[in-house]
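Read through the structures below before going on.
Next, two complexes with chain A in common: one pairs it with chain B, the other with chain C.
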Partner chain A sequence: MTGLIDSLFNGLALGSVYALIALGFVTIFKASGVLSFAHGSLLLLGGYLIAVLHDELGFAGALALAVLVTAAVAGLVDRVVLQRIGADPHAAHVATIATIGIDIVLVTDLARRIGGDLLTLGDPWGDAVTDLGPATVADSRIAAITVSALAIGGAFALFRFTPWGLSLRAAAEDAEAAALMGVRLTRVRMLAWCLAGALAALAAVFLAAFPAPGLERTTGQIALKAFPAAILGGMASPVGALVGSMVIGLTEAFTAGYQSDLHVLGEGFGDVAPYAVMVLVLLVRPAGLFAAKGAARV
Partner chain B sequence: MNVSHHRPRTIKIALAAAVAAVLLAGTACSSKADGDDADGGADGVKAGPGVSAGTIKLGALTDLTGPYATLGKSIVQAQQMWADEVNAQGGICDRKVQIVVKDHGYDVQKAVTAYADISSDVVALPQVIGSPVVSALLDDIQRDTMLTFPQAWAASLLGKDAVQVLGTTYDLDMIAAVDFLTRTKKVAEGDTIGHVYFEGDYGANALEGSQWAAKKAGLKVAGQKIKATDTDLSAQVSALRKAGVKAVLISAGPAQTASLAGVAASRGLTVPIVSSAPGYAPQLMKTPAAKALEAMVHVVSAAPAVSSDLPGVKKMVASYGKKYPGSPVDSGVLSGYNAAQLLGADLKKACESGSLTREAVVKAHRSQTNADTGLGTPQDFSDVSRPASRSTYVLKPDAKAVGGIVNVEEAHEAPGIEEYLSSRG
Partner chain C sequence: MSDLLRRGRLLIPVLLLCALPFYLDAFWLRIGLFSMAAAIGAVGLGLLSGTAGQLSLGHAFFLAVGAYGYVWLAGDDGPGLPPAVALVLAVLLAGAAGGLFSPVAGRVKGIYLGVATLALVFLGHHVLLTADSVTGGFNGSSVPPLEVGGFAFDQGDGLAVLGVPFGAEERLWYLGLALFALTWFTARGLLRGRPGRALVALRDSETAAAVMGVHVARYRSAAFVVSSMYAGLAGVLLALAFRRVVPDYFSLALSVDYLAMIVIGGLGSVAGATAGAVFVTALPLLMTRYADQLPLVAAPGSGDGSLGPTEAARYLYGAAIVVILLFAPDGLTGLARRARARLARRRRPASAPSDPGAAPRPPATAVRAKEHTP
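Now for the complex of A and B:
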């Protein structure tokens, strides 16, 4: 029973951090049609900034500045590099490839700075834990779930209730018509990248916080685990990203927690499980769980 | 018609062949030249690649920009310090020692290129970082009879004449770890112990050792395989707790050890943890898991702690601190310096026998049955199929000590090691 609750909490916490990342993927994809491979390095940038700034600014100040800077860098990457490539569907493919290059540049520089160190982010939760019935949960996990819920709620509110959100949805539906109606596509797109960057920096906090020992040069690679989450949810659906992330987080936690019972599938099945689930879902629903209805492919 | 289609291609192939031939001829010439000038020095010592009348060149294939950059830097600096010390005393065989350092950033392709680049100019490799790198180079190293000390300790690297794993292998360390747990009554017959291990040679070899020793001691092993990118071991801890483990072994990296100890402590799974030597680094003492690490973790290692009282270690730590102020003194410094000293002894012996060819260096190395650098236990290099040492220290993290670790038990051979080695043949 304890094992079950442990795994459930691990899964929810993992899922909520993946959701922050996956929501970034989806927002970018909706706004620009680009699959951003640079997300891992943006996450690492956010984490690195918090790590080097928290001594001087305190955790909250460092977090605020890191979120702003990462958002700005993401926005600039889009405005200065990717938007110049163009806006037609082919250009989106080129831009996707370009993000791989941007990722390599950013990661190489950050990895050089981080070296072999384990950086602590100075978060307020430390290694404190709370007893919830039979299970013990790290405070950083509870914070991850709470903060993710708030941030994701905020992002959804932005999509639904702000002029920018309306423009974003309109542009995603039909960019040309939206532009004719006066939607400034470049700005909508850039702001979407900014939002994704901010969410990535926030995710970095929880990927480096307590159950993990700190920020490493490889922390950004964890962002790749949010890819199957975004894809199985349907690349263009924020709700899908949320559900997908929870599915992936829980899958990972349960396969690792019950590894000994899954012996038939081989050791280390937990690493493959998210992708196995993704493939299974795509077999049944090729466009993802929450694919836009009527997405005609002619 | 066909002919006109084919002709351009034929020309292209011919051109490509010509270019390839020129390139091949070029490399053939250069390696031949290196071999030629090498025969017979003025002092009558027969020389080979990497050895001239005035210098002995050694090679280091290291990682200064990849995941093991900290380790690489420590080893490079420690070995450079050794070379400077040796040269200050007149060198080896009246020749100055020079180390050619190549950074591969843990990229096997780059490492292969780097090896090809330096292999004709050096006599031996006192440092090669990375199990995959060593595996990729094994055939070349054997063919070139290039005495190599890899910074990897998998038993699969034994049995190669030119390759020397220094100290114990991962499996022996884990047999010693199980012995430590049973001897100190931390576990009893019938108990289950966990073993968290990396995929690949390192983890597989360590698991071999723990399973053998556990069977011998009447224990059960609950294995948890992880990857280098797994730095949050919550799920693994849940599983281990479910399995009711009384102790946990870990053969992974420092980040994983920190997460394991931190999570286990926070969940009330306060069982002893014993780590393989690569699973600890002094940087961990600055993470939130430091307290848990100090309280729960022991490390089994063929090398003593850098804070050890051994005179040789003390002297080395002092000179290193003087030469590289600000650089952390970690286990890489110790193992790098130790490897360089052992190689120095081999070169001296080869020189005495009148030849510094690679073959003579390997032969001199294999004739050392009691190589003692004063930096740990003596090693026996004569049996190529057996680990050079069977004795291990038990260490314990300590934030206040140099290198963040202290000796708990002096070096000794765990019971059963001989039986294990014989059973494996």
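Now for the complex of A and C:
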């Protein structure tokens, strides 16, 4: 029973962190049709900035600055590099591959700075735990769930209630018509990248917090696991990303929690289970669970 | 006449490539060998991504299937088949693995397929680590040398040709050359024939292609299977060149390298994939070798803070992808085509535009899509 509740809670915490990342993927995809492979490096950048700055500015200050800087870098990447490649669907493919190049440059630089070190982010939760009756839960996990819920709620409010959100949805529906109606696509796109960058920096906090040992040069690769989450739900659906993230987080937590019962599948299957789930879902729904049914037009 | 001329043009590089082992040392031959293996894989990925418009990040998995398939089939732990038979079977095995994935590959489109194939790399890596009775686990296993008709492609017995000792590198060079030639001609044949046209039609508009009688799912799966087979062949050649296979080599980074190759070279062309493969493979090796002569780059292991050659190569590599996509989205082939066109224009300044002979002949396969079905 304890195992069940532990796994459930771990899964929810993991899922909410994935949701921060996956929501970034989806926002970018909606705005620009690009699948961002640079997300892992943005996440690493955010984490690195917090790690370097928290001594001077305190955790909150470092977090705020890191979120702003990462958002700015993400926006610049889009404005300076990706938007020059073009905006038609073919260019989106090309831009997707360009994000791989950007990722390589950023990750190389950050990995060189981090080296073999484990950086602490100085978060206020430390390794404290809270007793919740049947299970004890790490405070950092509770924080992950709460903060993610707030951030995701905020992002959904942005989509729903702001002029930018309206423009974003209009542009995703029909970019040409939106442009004719006076939507400035370049700005909408750039702001979408900024939002995604900010969410990635936020996610870095919880990926490096207890029980993880700290920020490593490889932390950014965890962002890759949010790909299955985003794809599961359907790339263009924020709600889908949320559901997909929870599915992936729970899958990972349960396969790790019940590893002894799953030893046929080999040690460490929890790490690859998200991908197995993704393949299974794509077999049934090739465009994801929450994909809009679109008719092909000639 | 022009046909003869074109064949003549092909003859010179072929002769040059055949003569190289007599002049180059093992370091350069190894670069060439890795480049040839990479080129075979890249041509395969080019068929899928460049021509069929399907993004794949699973190429490392199929390379692994080829490499490990060969090692197991020819090794003492497995059935111990003759190496030449094991090579063919390993390629077929990679194709079969691609076929097994076809329920996904045939239905999932573009970027979605790219992420779906990520799963192959991670799951494949997990299997390689776990099934250690077949794969040797984390430490990998050594590769039995290839033997054809009693001639072994390994260090050998001190064979010398024209006074040049023929070691493993020299022998494998010719094997690589033969396999690459096979790849080059089969891929060009495929692209220029009916399948290639069907795939291009599919990439440009799925609906239109279906209306024209192209079986969408079947062609998509077939492209995936063929691409996997090329990857398998590349995997075998890489295994022979490395003499040891380890799971960590076949990571996502390798898949990304292959994607970078075809993009840098120029999507949709066999020559482009080859050029990209040489660039991506040779760059880090050369940077490491000549680190001490490069400005700003420190020799390997010279300590903290300084920029090592591997890192410098990574920077350059990442930047090359971005710069090429920004300024020459059609890659090195596009650059070459434009350079040739400019040369031709300069040579015949007046009457050139009306003369079809002067216009650069666009390769039939490199016609770029103006629009894509997303």
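Here, the second predicted complex is superposed on the first by the 293 of 298 C-alpha atoms of A that agree within 3 Å, B and C clash if a C-alpha of one lies under 4 Å from a C-alpha of the other, contacts with A are read in each partner's own complex, and residues count from 1 in each chain.
One rule holds for everything that comes next: a residue touches a chain if its C-beta (ideal position, glycine included) is under 8 Å from a C-beta of that chain, and two chains touch if they have at least 3 such contacts.
All of these numbers come straight from a predicted model, not from anything done at the bench.
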Should A:218 be classified as contacting the first partner (chain B), the second (chain C), both, or neither? first
Please work out whether A:129 is in contact with chain B alone, chain C alone, both, or neither, and reply first, second, both or neither. first
First, second, both or neither for A:112, with chain B first and chain C second: both
Answer with first, second, both or neither: which of chain B and chain C does A:120 touch in the superposed model? first
Once chain A of both complexes is superposed, is A:81 in touch with chain B (first), chain C (second), both, or neither? second
After superposition on the shared chain, which partner residues are touched by A:270: those of chain B (first), chain C (second), both, or neither? first
Does chain B (first) or chain C (second) touch A:6, or do both, or does neither? first
Chain B and chain C contact sites that coincide on chain A, given as residue numbers: 112, 115, 267-268, 271
Can you list the residues on chain C that touch chain A in the complex? 53, 55, 103-104, 107-112, 114-116, 118-119, 122-123, 125-127, 129-131, 205-208, 211, 252, 256, 259-260, 263, 304, 307, 311, 314-315, 317-322, 325-326, 329, 369-374
Quick check on the complex: what are the chain A residues that touch chain B? 2-3, 6-7, 10, 14, 111-112, 115-118, 120, 126-129, 136, 138, 141, 207, 210-214, 216-219, 221-222, 252-253, 256-260, 267-268, 270-271
Touch list for chain A against partner chain C, complex: 33, 35, 81, 84-86, 88-98, 100-105, 108-109, 112, 115, 224, 227-228, 230-231, 235, 265-269, 271-272, 275-276, 278-279, 282-283, 286-288, 296-298
Can you tell me which positions in chain B touch chain A when the two form their complex? 65, 67-71, 199, 222-236, 238-239, 241-243, 254-255, 258-259, 262-263, 265-268, 281, 283-284, 286-289, 291-292
